[in-house]
Each structure stands twice: as structure tokens, then as C-alpha cells.
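What follows is subunit A paired twice: with subunit B in the first complex and subunit C in the second.
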Partner chain A sequence: MGLLDLLRKMKSGNDKELRILLLGLDNAGKTTILKSLASEDISHITPTQGFNIKSVQSPGFKLNVWDIGGQRRIRPYWKNYFENTDLLIYVIDSADQKRFEETSLELTELLEEDKLMGAPLLVFANKQDLLSAAPADEVAKGLGLDAIRDRKWQIQACSALTNEGVKEGLDWIAKTCKKK
Partner chain B sequence: MGCICSKLFLWRRPRHEELQEEQPKQFSWDKRREGLRKEDYIIKDQKDATLGRVPGTVNGQQFLVQNCENCNIYVFDHSAAINIDDCVNCNFFLGPIKSSVFIRDCKNCKFILSCQQFRTRDCNKIDIFLCCNTQPIIEASSGMRFGCYQYFYPELADHFKSAGVTVFNNNWGNIHDFTQDPDEQHFSNLPEDAKIEDFLSIPLAEEFSKMNISLDVSKSVVPKTHGNRRKPSDESTLVVFFNDGSCSARAFSFINAMRSSHQECTLIQTKEVELKPEDAQRVFNTDSYNNIVQQGAVIGMEYNGDDCVETCKTEALNFMKGSVGLVFVSQSQSEAEKQIEDFYNFADMQMAV
Partner chain C sequence: MWKWILRKWTGKCELLRITSENPKGAKRSKAIERSLKHSNISILKQLSKDEIIDVIPASEEVMKIKDVIAEIHPQFAYCFQVCLCQICGYKRLFAEVEEMRKTQYSSENPDHEEKLMQLWGFLMPDIKLETRISKQWTDIGFQGDDPKTDFRGMGMLGLNQLLYISSKYTALSRQILSKSHHPTLGFSYAIVGINLTSVLYELLKKQTLRTHFYNIKDDKPSLHDFHELYCYMFKEFVTFWFSEKPKDIMEFGRVRDKFRRKIKQKLKEDLTTILKFDADEELAV
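Let's turn to the complex of A and B:
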């Protein structure tokens, strides 16, 4: 073990733990983002039937990320996971124009939840690698993010598949939660 | 309560901060889209037509089909992802899809397709010949019938490779229904003798005339498996081909040899999976294979039928004559049972998540 590892290990004992909820419609790419955050292989991901949890180490933080399946039928169960959430990540399939309205409605409902009140919001405009993907500013406009007044928020263009933009999102999380 | 809060917050300044102080970062997708026209990657608002794309024209991009009626649509190329929306009475061939295919609001359609993830919502009466590397899922869909993928054209095997879809990990018969209903089963298997050509004909249109498509079962790039239909016999056996660079070709020759001379044996399932030495030790109950499994993924096959243990032993011996490749075959019925369970339990665990 190198000195750096040793220092890191000593330091990690004092890391702040954050509970992060990863939500979004089915097929948005939540699990791929989760695995991408944890630097794991993303080539054989199966549609999520229940939920996945991973602990991700980032400088100064231990992130406990909860990835919950997004099918319409199981969205009513999202609320079972709201308690003690420090930050909400909402994932959009930027290339699925047909469901922009549906995903916008789901997000609006989430932001009205008492238990999520004030929790910072990171929106991943995912699947930017796909040809028909809308740019992040268009997604932000469609979601009406500018109207959000009661919490910190950020939209980040990303492609979990090519592993681009995900780290930038992580940086925002670290920056935002340090100030808290 | 919510109302008062939102009023209180109205006068607050937005707390959204711009992070982009430094030079905006260049992402690979900025380049990727250059020179491509979105309209070349979409088929929409068509009626009573036969149309599609020939190899090389989609080339790993996303593809979309929207709002078509009475059409035959052929995408003879690999793609990143495909959404099929609002189609009625249409038949589709879709080349290998790297991530997901999502079929929504479709009715009376037929598909031959291969993908990493298969998803449907709000569909009715859909027949699918499927090769899917993960568990296929359906939601709010009914009258869904599934069968094993069969297809060949000369570029197809390369399209599978480009899309990263494995022909041996086909979960076509293992459906998860998100909207289970105790009174109604939403999905079933297609009849065992269902023929691809009765569902989607080989296109005769000029643009596809050079495709050299074959529906001959022995040429199909995906082996035909029995899936989770009731097994014909109580006797099953495990055959494993170890990785020597050509194990896929050898597995196919074996499957074809079995089909032509031993029709009483049925190929139930196949799996391509990486084993660590300790996994090999557990599955085969010997350390003989601990070294060879480190050369790469192995291909395991379950055969079923009366006397299949003996038949596969003999056939494997014939098959391996004059070959340096290594193959494992269960030696007895009692061993076979445990080996199949251990191998497939292990493989399914690897596949989960």
C-alpha cells in the first residue's frame, strides 16, 4: 500500500455520507449511470426489476446511490425511498422525444414531494451519443427547470455509455454538498 | 402547505449557478453527429409500403420507426438503439441492437430482432422471434408471443459482433411482465413449429435483391433453442466448448451435427460465459479445466432427450477426432443434473444486474 492510499484510507473514515436517489423513466439509463459512477462494466445491463444500490467513493464523500426501476407500474413505489434523501439525480433519455412530457410530469410530481423538499437536483440529459438526442439546454427548457426556486439544481449533458459528462455531474454533487 | 411555500420562495433569487466558467468541454458526441442527417435514420408516417435500410447505412446509429401502417420494414444493419412507436399491422426485421429496443403503442405487429435489452409498453398482439442478451420485459402489453430468433445473411454475424450482442446468450423465452394479472396471461410461446417465413417474408424489392437471406435453420447465426417450454424428456446433459479462438464455430458444427443425425435430442439452452478457475472447479468438480477457462469465455449447451447423455458423449468423441480443441461432456445422468444446475446458476448470476 502506497502512502497516498494510506492517507486516503485514513481520511475516508471522516468522509461525509450522502444518500442519493437516482430516478427517471424506464429506459432512461439509470443503471448504466449507476455503474458508470462506480466504474463498473456497462455492457450487460438488464432492465431493473426492483432496485440497485452502490456505494461510490468520491473525494470527501461516500455516496450511497439508490437506483430504482422506472416502469410506469412501479413508479408509485418511488416514494418508499424518499426518506433522508440528500440529493436527487433525475435521468432523462434525451433521445426519447415521445416521452418528454411524461418525464416532465413525473419530475414535477417529485419536486412537490414534502420528503424531497430542498434536496438539490441534478438532471442528467443522458444518451447524448444518440443521433436524435436533444441538447441539454432544450431538455432543461422542456422540463421548466428555470422555474425551480426552492432548491439548487443543475443539468448535465452526458452519455453513460461513452462515460462522458458523468464525472462532471459528480463534481457538481461534491461542490454543492460541501457548501451545505 | 405547499402553496404557502411556493409563494414564499417566489422572491428568492434562483440558486442555479453556472458551472461553465472555464472553456466548454468538447464531447465525442459533438463530432459523432457531424455530416449525418437525422431523417436518414427514421421511417415515419408510411402506409402499405416495403422499405428499410441495407448493410452499411445505419452503421451503429440510433434508428426510429413511427406511425406506420401495413408496412414491411427491414433494417439490415446494426444500430445503437431502436424505438418503434405507434405502428399497426407492420412486420419488422431489425438487425442487432447494441442497447435497447423499445416498442410502444403498437398493435398487430411481427418482429424478428436481436438486442441487449427488449422492452415494450402499451402493445397488443405482437409476435417476436427474439434474441435478447438480458431478460426481456413487457409492461401493459397483452397477446405477446415469443419464439427463438432465426436468420441469416452474409453480414449478419459481423453485425452481431459490432453491436456486442452474443448469439449464445438468448433469453427469448424468459419474459418478465411488469403488469402481471392473475386473471390473464399476457405472453406465451409461439408454436414450436412456427416458421419465420410465415411471419415475415424475404423482401423481393429491388433494393434488397442482393441480400442473400436464408431462413435455413442450419445457417441461422443464432442457434435455435427450446427455451422454457416443457422439456421432452427427464434426461438432460451438459456440453461445454472451451475457448480456443474457434469454439464458436465448433459449437455450431456440433449443433448442426446433432440436428442432422440426432433429432431425438433437443437443444434447450446455450450460454457463453467467463469462468474463473474456482468456478470451473465447482461446476466440473475437478481441477482439469482450471487452466483452460482462463483463455476466455466458454460456451455451454444443455441437450435434452432420452439417452442424450450417451448420444452427446459419442457425438462429442466423433466430433473431436483429429482436433486439439477441448470439450466437456457429462458422463452420467446423475452428474449431468448437478452440472447443468451449477453451470446455469453461475451463468445467470453473472448476467444479473
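Let's turn to the complex of A and C:
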């Protein structure tokens, strides 16, 4: 190990570790966002049976991101991952208008969970690369985000496919968790 | 330098030494591939890259370049041709698989739709699919009411492999489907199938499957061979899944990764390995 590596290691050793939960319906793009956060290849993604976890290094933070499968039969397991969550990322397929109601209901239920109380919420309005995608403010309105009073929240338009907006989301996470 | 000494000492070029010292199969073909890849002669180097090679003229040319005299080494030409066949065949297979993977499932394509319907028919012979968009798809392990989004990164390769096992080994696939409904150890049949396609695809891409394909026959591996290997993987995985006694489906990632390591180990440690699929053998779970 070189001196530089050693220094870097010591420095990253001081980084704050955050436990981040990545949730949303199936086909919202959670795994693609996870991989794109970790700068990995996103061309071979398969539906998540179970969960994926990755550690992402960002300036001042080590993010441990838990990406849990979104299919209906897996959703009952979401609650097993709530404990000690520092921040919740909720992913929406902005082009799948048929399921806005379903995703909105799931989110509402999540926000009522005791174990997630007060955890900041970042909503990714994903798939903005698609023509049929609803703009982020419309998604926010549909989800009733304006009514949230008990936590910090942010909506971020993004396309995990083109990587647009993902970094901005990461910046918001860093900003929000620094203040905490 | 080393090659030169060996050549002078044994009177044989490296390719000739490899074919005479190694039994046919992965050991020999991998050694030939390595030798060609590191050759200083561009024609030889090119042979390690091409997807299509006319092997008879290619071997004649190599023999001329390397001064291998057919009368003295009568076995060489055939042995070398088999190796070339396998080496370029593997590359060709990957290209074919890659093209299939990149083909996205499209609801507008009648051929794709037909295949999806066939899949339902093979797995659920007694139950009619009420509508194309239906919650019933989750019964065979898709995530929601329209399977099209589940193919994702595996594209038509995922569907083709699901269809292959259910059409050719219908009894086995139905047996696996029924196991997938186990109350605690259950899993999503189609989603697991697509994930196994992904495991197999990665192994093909990383060249790990050469061991198997170079051992199964003295010819180029075909798409059919690749699909047969998928059936092997599916059956082995299901057995492995139950033997691991996972707590619930959330352990899928861990078990899948362990399974992948096991297969990789098998193919790396013993170069004589063949992943033999036996459809008639009872599913041991």
C-alpha cells in the first residue's frame, strides 16, 4: 500500500457511514440507480429477487445502499430493512402512469412506519428519458409530497439510463445528512 | 527465448508440442488459444480473434509457416483444426447470444408475443390466460401483470431460454414451477430463470464456459449447447437452493452468488469438467 492509499484510507475511515434504503415498485429502476450510483455497467440488469447492497463512496460519506426488490410478493419483506435507516430513496417510473396510484399508496404506507420516522426522503422521478414520462413536479403533486411536514424531502427528476439527475440526488443526500 | 530453446531441443514448434502433449479437449484447446494469442506472427494472432475461420486452409497455412510436415506429424492437422473450430466457435456463439440479449422484448412483435403465449401454454396447460395483461403472470413467477418489463437486460435471450426448457423438458420445468410455490422456500420461477440466464451469460462472456464447451465435442459449440447448459444450471440451482435451506426469498442474492462461485470453481479447477445435464434424473428436492 502506498502512502497516498494509506492517507486516503485514513481519511475515508473518518467518513460518516449512512444506511440508505432504496425502495419503489418493480420496474421503477432501483437497481439501475444503484449501479449508476456505484458507476457500474447498467446494461445487464435483471429483476431483483431479494435484494442488492452496494457501498458507494461520496465526498465525506460512505453510503451503504440497500436495494430491495419491488415486486408485490417481496414488499412484505421491506419492513425487515427499516431499522437504522438514515435516509429513504423512493424511485418512481415516471412513464408508468397506470401505476401512480399503487406507488403513491406504497409510499404513504412507508411514511407512516415508526422505524422510518423523520428519515429524509429523496424521490427519484426516474425514466425522464422516455417521452411519456411525467415531469417531476407533476409526480410530486400526484404523490402529495407537499403535505409532508415531519421530514426533509426532495424530488429529483432523473434518468438512471443516461445518468442524468442521479448526481444531483447524491448531492442532496450529502447536503441533507451533513446538517443532521 | 524459451520457446526458441524448446523448439531447438524438441524439434517441434509450440503448437505441435501442445497437440502432442495434451489430451484433446479444454486442456489442449485452451493451450492452443493462448499460444495463438501470444504469437508474434500476425496470421496466427488473428486466428485467436476471428469468429469465422475456414479451418482446413488455415491449418495448412499454419503448418507451412511453422514447418510442420504432414507426413511426419500426421495427427497434427486434424487436432489443430478441431481446436480452431472450438476457439472461433466459442466467439461466434458469444456474438449470437449477445445479439439475442440485445434484442428487447417488444409487444408489437408478433413473434415475441407468440413465444410468451407458448411459455404460458407449456407451464400452465390446464389454465387459460384470461387476458394478455393479467395478474396470472405472477403465477409463473413474473413480477407483475405484464412480463415484458421483466426481460430487461437479458432481452429475448431470457425469454428464449425460459421457453427452451419448458418446451423441451416440459415435465422438469413444471416440476420446478411446482417447487417454486413452496410455502417458505418458494421463489419466482420466471424471475429466477431470467437471473440464471444472466449468470450463464456472464460466464460465457468471461470465457469461463470454454472448459465445458471445449470438452463436450470436437466441434464448435452451438446455441443449442448453450441452451442445454441453461437447463443444467436451472436444475442444479433449484437443487442447490433447497439444500441451502434459505430463510426466505430475500436470501436469493447470496445463494445465487454462492452457486455461481461453485460453478466457476468446477470449471476452473478441473479442465476435464463437463456440466452434464440429465433431464430424466429425478429432481432431488
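Everything that follows uses one rule, which is that the second predicted complex is superposed on the first by the 171 of 180 C-alpha atoms of A that agree within 3 Å, B and C clash if a C-alpha of one lies under 4 Å from a C-alpha of the other, contacts with A are read in each partner's own complex, and residues count from 1 in each chain.
Keep in mind that, in the parts below, a residue touches a chain if its C-beta (ideal position, glycine included) is under 8 Å from a C-beta of that chain, and two chains touch if they have at least 3 such contacts.
Note that this is a predicted model, so its numbers are computed, not measured.
Participant: Sharing subunit A, do subunit B and subunit C clash or fit in the superposition?
Facilitator: Overlaying the two structures gives a clash between subunit B and subunit C.
Participant: Between subunit B (first) and subunit C (second), which does A:162 come into contact with in this model arrangement: first, second, both, or neither?
Facilitator: In the superposed model, A:162 contacts subunit B only, not subunit C.
Participant: For A:132 in the superposed arrangement: first (subunit B), second (subunit C), both or neither?
Facilitator: The first partner, subunit B, only.
Participant: After the superposition on A, what does A:71 contact: first (subunit B), second (subunit C), both or neither?
Facilitator: In the superposition, A:71 touches subunit B and subunit C alike.
Participant: So, does A:15 touch the first partner subunit B, the second partner subunit C, both, or neither?
Facilitator: Neither: A:15 stays clear of subunit B and subunit C.
Participant: First (subunit B), second (subunit C), both or neither: which does A:51 touch?
Facilitator: second
Participant: Kindly classify A:172 by the partners it touches after superposition: subunit B alone (first), subunit C alone (second), both, or neither?
Facilitator: Touch status of A:172: first partner only.
Participant: Using the superposition on chain A described above, determine whether A:80 touches subunit B (first), subunit C (second), both, or neither.
Facilitator: Touch partner of A:80: subunit C, not subunit B.
Participant: In this superposed model, does subunit C or subunit B come into contact with more residues of subunit A?
Facilitator: Touched residues of subunit A are more numerous for B.
Participant: Quick one: which of 8-16, 62-70 or 170-178 on subunit B sits on top of subunit C after the fit?
Facilitator: 170-178
Participant: Taking the stated contact definition, name every residue in subunit A that is touched by subunit B in one complex and by subunit C in the other, in rising order.
Facilitator: Shared contact residues on subunit A (touching subunit B in one complex, subunit C in the other): 26-27, 43-47, 49, 52, 71-74.
Participant: Considering only the defined contacts, which subunit B positions touch subunit A in the complex?
Facilitator: Per the stated touch rule, the residues are 1-2, 5-6, 9-10, 12, 14-17, 19, 25, 27-29, 32-33, 36, 38, 41-42, 61-62, 64, 80-81, 83, 85, 99-100, 102, 104, 116-117, 119, 121, 133-135, 137, 139-140, 164, 176, 178-179, 351-353.
Participant: For a test of understanding, state which residues of subunit A touch subunit C in their complex under the given definition.
Facilitator: 26-27, 43-52, 70-74, 77, 80
Participant: Mind listing the subunit A positions that touch subunit B in their complex?
Facilitator: Result: residues 26-27, 31, 43-47, 49, 52, 71-74, 95-96, 98, 112, 114, 117, 127-133, 145-146, 148-154, 157, 159, 161-162, 164-165, 168, 172, 175 of subunit A touch subunit B.
Participant: Taking the complex as given, what residues does subunit C use to touch subunit A?
Facilitator: Subunit C reaches subunit A through residues 101, 138, 143-144, 149-150, 152-154, 158, 187-188, 191-192, 194-195, 197-198, 201-202, 248-254, 256.
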